[in-house]
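Quick heads-up: structures coming right below.
The same chain A turns up in both complexes below, where it pairs with chain B and then with chain C.
And then the complex of A and B:
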């Protein structure tokens, strides 16, 4: 194998795929990135056997072939190389010679045949969604994923394709975030899946502003593929500077992940159907007020009390050994007085990840779940703290 | 009663039991023994019947006696126990016990108690003959140590037995000789008032049982243990114990339990104890008084061997009491360590059943919960003032010195003990080698045994510096103390956080989706009883069917990744075994330990002198300053004595 690639292209690709690589693995090949050169492309692949990422970059292929190189080391070498063309030549013993300008490296690789191939997902249900929309939905929900390994079905996001909608749900048993998006697909493609946390994180990295994602769902695998063509079309409209930025995003990326087996809890059941009071709040103001009051929360006293009275909201944090914080906000509230305590982190999470100026809180009493909504298909259920 | 006098030792049918049978037949006026008579009648009839007719037959007397003896007389120590208890019941003020070859060849117990007349002495050899109870109801309120009237005939059935007894006002005494249950000789002798029993060749007629005896050393240790226990229970009695002719224990009548403990274990050991105030549940119907001594916080052993429990003056074993004791310490005791205790529980004899174990080693309480509660409360009350900082009015005792008793240092300390001139004044009355079960010299003794406490004052300790960016060097009045700054800070933070948890109203984070937990029947019953406790701790739990429970809220400090089922399982295991109330601390301990570990200063964090001094004084103010929450030591000491030895200043 002998190729020539530009440094920025290959660096960008490595940045995207190397997250999957584990530094601690008993299978050495999993620390490597698979390089395959053919036609006019270089294909870089990494996997941890649960999640795999593949990225294609354009290259001048002088001799096609394949090898695998230690991902982290290869990445650091490329990062430090001067700007320009990099020549990579690999001999039959998988010894890779990397030269760029006045620099020359030789690193030891492993045969490409040892690298576990990514599953090919041709059969399966297909969906198409705008990358920006999917990224947005993930951002609004992924923070609520549970890391309690004993409840493994919650260690990922639920994706439901149903009734011409994609519904994404994440919960850790104390709060629940849900986002929806209209999506066109044939009725036969209605399905559900739980995508593990790691794949969600990688997907968030990989999704850009532009372009469309092709989703393929099989019984126990899910693939997300971004094609260059649509992105290129979009790039054509921008200025030259935007063009290069988009150029970095348009690349052909594929993410394949195993799914979490099991049944996601019936989330519909925990969403309150009606609430007594509904109050509109400015997101930024509420977030900063919460951020300030929560400064007085400790590991053992991590709750803030919210008192809703006529046109007023006061947020109080109190811990005997630290002190007390109080924030008051003028709000538009005509309902009955309600006092409810929440874990401030749980309340700040959605506020940080939403971009609407206005949020709505729906409350009933101090023991009933609170609901955060916006003028978009999103909702967030948060369980209160019982203080007595 | 004349029946016994007519009996001749060497007659053909000469077991005492056989003779008794005869005499019953000859004296039908003993109406209280009608039932016995009837049984005997049946027995005699059966003896005539051809053996093939019935498969079930009554066992011959001597076999039945051997079986009964097997239950009561398990080993030489049980013989000693029974004899000593008889002496105590007889109101003895001095008891002399002696044995040879681990009790195999000879056991001798002599007392100056009330003694027995010739008739009583003979009757005492009869099964179920006793002076201690008279009617069935007496069993419900036994105040004496013995009550069954089984011990003496049982022992006599399996040994060569001699009993010599004289009442105080009688002119002469009686000497009875029995071998394997056969009466050999009864004669009048001159003797001191009181009773002396000699048991020779124990189990000589039961080769199987004899084979099961352990080495003489082991059996001797058991006997010593029994005598020690009885000596603790009766400080006013003078004791003497001779092993193979050598006096190993000699105790003068002590004024109090504390004197007796000091006498037995030495002053140094006694320094590690705190008295239990003699208080209890004041309810007159079920008054439970707990008194005695327990180890100071920080004093622990690796086994329960040093927990001596006495119920109404009777040494007993009761798991419940052991657990209650441990519960009294709770945070002051590391997991897997056990406190020292001399625990005297007094309660209405009717509220305790001693008749559940053949050797009366175990007892059952009518209201075990109340007893446990009383023990826990008494222990807690006793050790709390010992926890520095818990109360400003408490005597400012602080455990100060630690002696490294690791493998390397152990020989040194042994040598030091040997070097001490003469027996220490604390044991003026003990002659010969000290009892082997002196706790502080056993190999299982705490690795970091505490030395005598001395009044704490800040100026006593001086921080010298830090080595290896981790170990703080401190000069103490006793030598050099090394303190691990990370472990020390962990302990300080741990206790601070637990205190906060305890004081605060616990909020609880409600769950979106309640968890269902299922327990086995016994645990379920316990959970059901403790629902209110769990609620108070911030766990929202309610019944959800027979054995299932619904958890809809959890205390917020539990990390989100906690396995709730595992937590419940752990708590149940611990609490069901300990019978203690679920405490908030239990629930949060592990979480807190993990959190503080994260916040504590690390090995390489440079600390300034004022910081080090503050850390030291805070650590010394902790309830259990000697270990970090994970059980590693926080401080070790190199005493001047050890240094002097190493530098060759002392030999």
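And then the complex of A and C:
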């Protein structure tokens, strides 16, 4: 294998794929990135056997071929190289010679054949969604994913394709975030899946502002393929034949993940159908007040009390060994007095990740779940803390 | 801790049996034992001075006690009554200082340093306490007065029962020197034989022993030992000591194979532990199960919860999950224990998928109130009957 690639392009690709690589693995090849050169592309692949990422970049291929190189080391070398073209030449013993300007490196690789291939998801249900929309849905929900390994079905996001909608839900049993988006797909494609946290994090990294994501869902795997924006622009030009060729190359990022097996809890059941009180609040103001009061929270006293009285909200954090904080907000509230305690982090999470100016809080009493809503298909259910 | 302190150690004399003898005069002057019946498994909780003459002491198996003194009178004991009496005694102590640390149901130490100006000398306060305890409860206490906790406890033991002893900076070495090193707190089954190997038997031996060979043997513990041998101790009196764990266990009268009975026992133990957690206002993040087989092999198993709990059902179900994993076919169980560890305070995060929990917690709190008013036995969970 012998290729020439520009530093910026290969660095960008490595940045994208190297997160998947685990530093502690029993299988040494999993620390490597698979490089495959053919036609006019270099394909970079990493996997931890649960999640795999593949990224294609354009390259001048002088001799096609494949190898695998230690991902972290390769990445740190490329990062330090001067700007410009990098030449990579690999011999039959998988020794890679990397040269760029006045720099020269030789690193030891492993045979490409030993690298576990990413599964090909040809058969399955297909969906299409704008990358920006999916990214937005993940941002509004993924923070609520549970990291409690004993509740493994909650260690990911629920994705439901049903009734011409994509519904994404994440919960850790203490709060639940739900986002919805209209989506066109045939009725036969109605399905649900739980995508594990690691895949969600990678997906968040790779989703951009533009382009579309093609989703393929099978029994136990899910693939996300993304179109590069530059390739997209190029696709508009050229002959029809070139067009199809470019179209094939446009799919330049692929993420394949195993799904979490098991049944996601019935989240509909825990969303309160009606609450006693509803109040409109300025998102930024509430977030700032919570951030300030939470300065006085500790590991053992991690709650703030919210007192809703006529046209007034006061937020109080108190702990005997630290002290007390109080924030007062003038609000438009005509309901009965309600006092309820929440973990401030859990309440700040959605506020940080929404961009609406106004949020609505729905409350019933100090033991019932509170609901945060916005003028968009999103909702957040949060369980109070029982005051002692 | 600067300056000279005055610490009192108050120890009720043969507390449980004294309460029984007070209420049942016919028992007076007889060997009385509170604890498990002599024909059953279990141990002596307390022995009267008369019983102690036969060599009976607490923590001894009741069967052994019965062999030593066949005519001893064995009583089950009324622990609720003892708690009530204990509370009356503690209330008297708290009249002299808020710095009262209750060490057990019948023992407390108190720091009266700042109370001296109000109430007179430590010895005077000690005499007052003894008099008031006798007048209020009809029971006797032994009190030690000393500049620190170690010496105060030692002093309370010197003239038992109904004793009063004062140890001062001036007389402490004279009192300590002839005593066995085992009287030093922290010197027990592990340290004592090591000291004995060095020819150290009495506190005086230890005090005179050169520090270097001691350091070679014990490391930093050597300096601590020497300080204690000189009668030094700077532990403060902490009025309230946060519990590190709360647990309860029971030894079956006969080994149990029946799963149903084992599970009912777990529920009972969990209920008791949960009640104590709630009374302390803490919740446990770790649940521990203790299991002793009939051959005395003992195992403990732990599970950590995502959110700490003070609820019977959560404790019981977690402990049952641990139990079911261990139960081998037909292997009889001698002892079961349930405990809560990693205790936390403060508001409890409620669970979205178990919203009944919040209501259950209210129910348990209501049950606590009923038990507090009418006694522990009046209210039980359906399954444990």
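Just so it is clear, the second predicted complex is superposed on the first by the 365 of 388 C-alpha atoms of A that agree within 3 Å, B and C clash if a C-alpha of one lies under 4 Å from a C-alpha of the other, contacts with A are read in each partner's own complex, and residues count from 1 in each chain.
Criterion: contacts are C-beta pairs under 8 Å (C-beta built on N, C-alpha and C of every residue); 3 or more make two chains touch, one makes a residue touch a chain.
If you're wondering where the values come from, they're calculated on a predicted model, not measured in any experiment.
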Based on the superposed arrangement around chain A, label chain B with chain C as either clash or fit.
clash
Determine, under the contact definition given at the top, whether A:387 touches first (chain B), second (chain C), both, or neither.
both
Considering only touches as defined above, state whether A:92 meets chain B (first), chain C (second), both or neither.
neither
Return first, second, both or neither, reflecting whether A:321 touches chain B, chain C, both chains, or no partner chain.
first
Would you check which partner chain A:150 touches, where first means chain B only, second means chain C only, and both and neither mean what they say?
both
Chain B has the stretches 170-178, 332-340 or 566-574; which one runs into chain C?
566-574
On chain A, positions contacted by chain B and by chain C:
148, 150, 171, 173-176, 265, 270, 300-303, 341, 343, 367, 369, 381, 383-388
Which chain A residues qualify as touching chain C in the complex?
148, 150-151, 171, 173-176, 265, 270, 300-303, 319, 341, 343, 367-369, 381, 383-388
Chain A partner contacts - residues on chain B that touch it in the complex
497, 500-501, 503-505, 507-513, 515, 538, 540, 553, 556-557, 560-563, 565-566, 595
Per the contact definition, I'd like the list of chain C residues that touch chain A in the complex.
281, 306-307, 344-353, 355, 358-359, 361-362
Within their complex, state which residues of chain A touch chain B.
146-150, 171-176, 265, 269-270, 299-303, 320-321, 341, 343, 367, 369, 381, 383-388
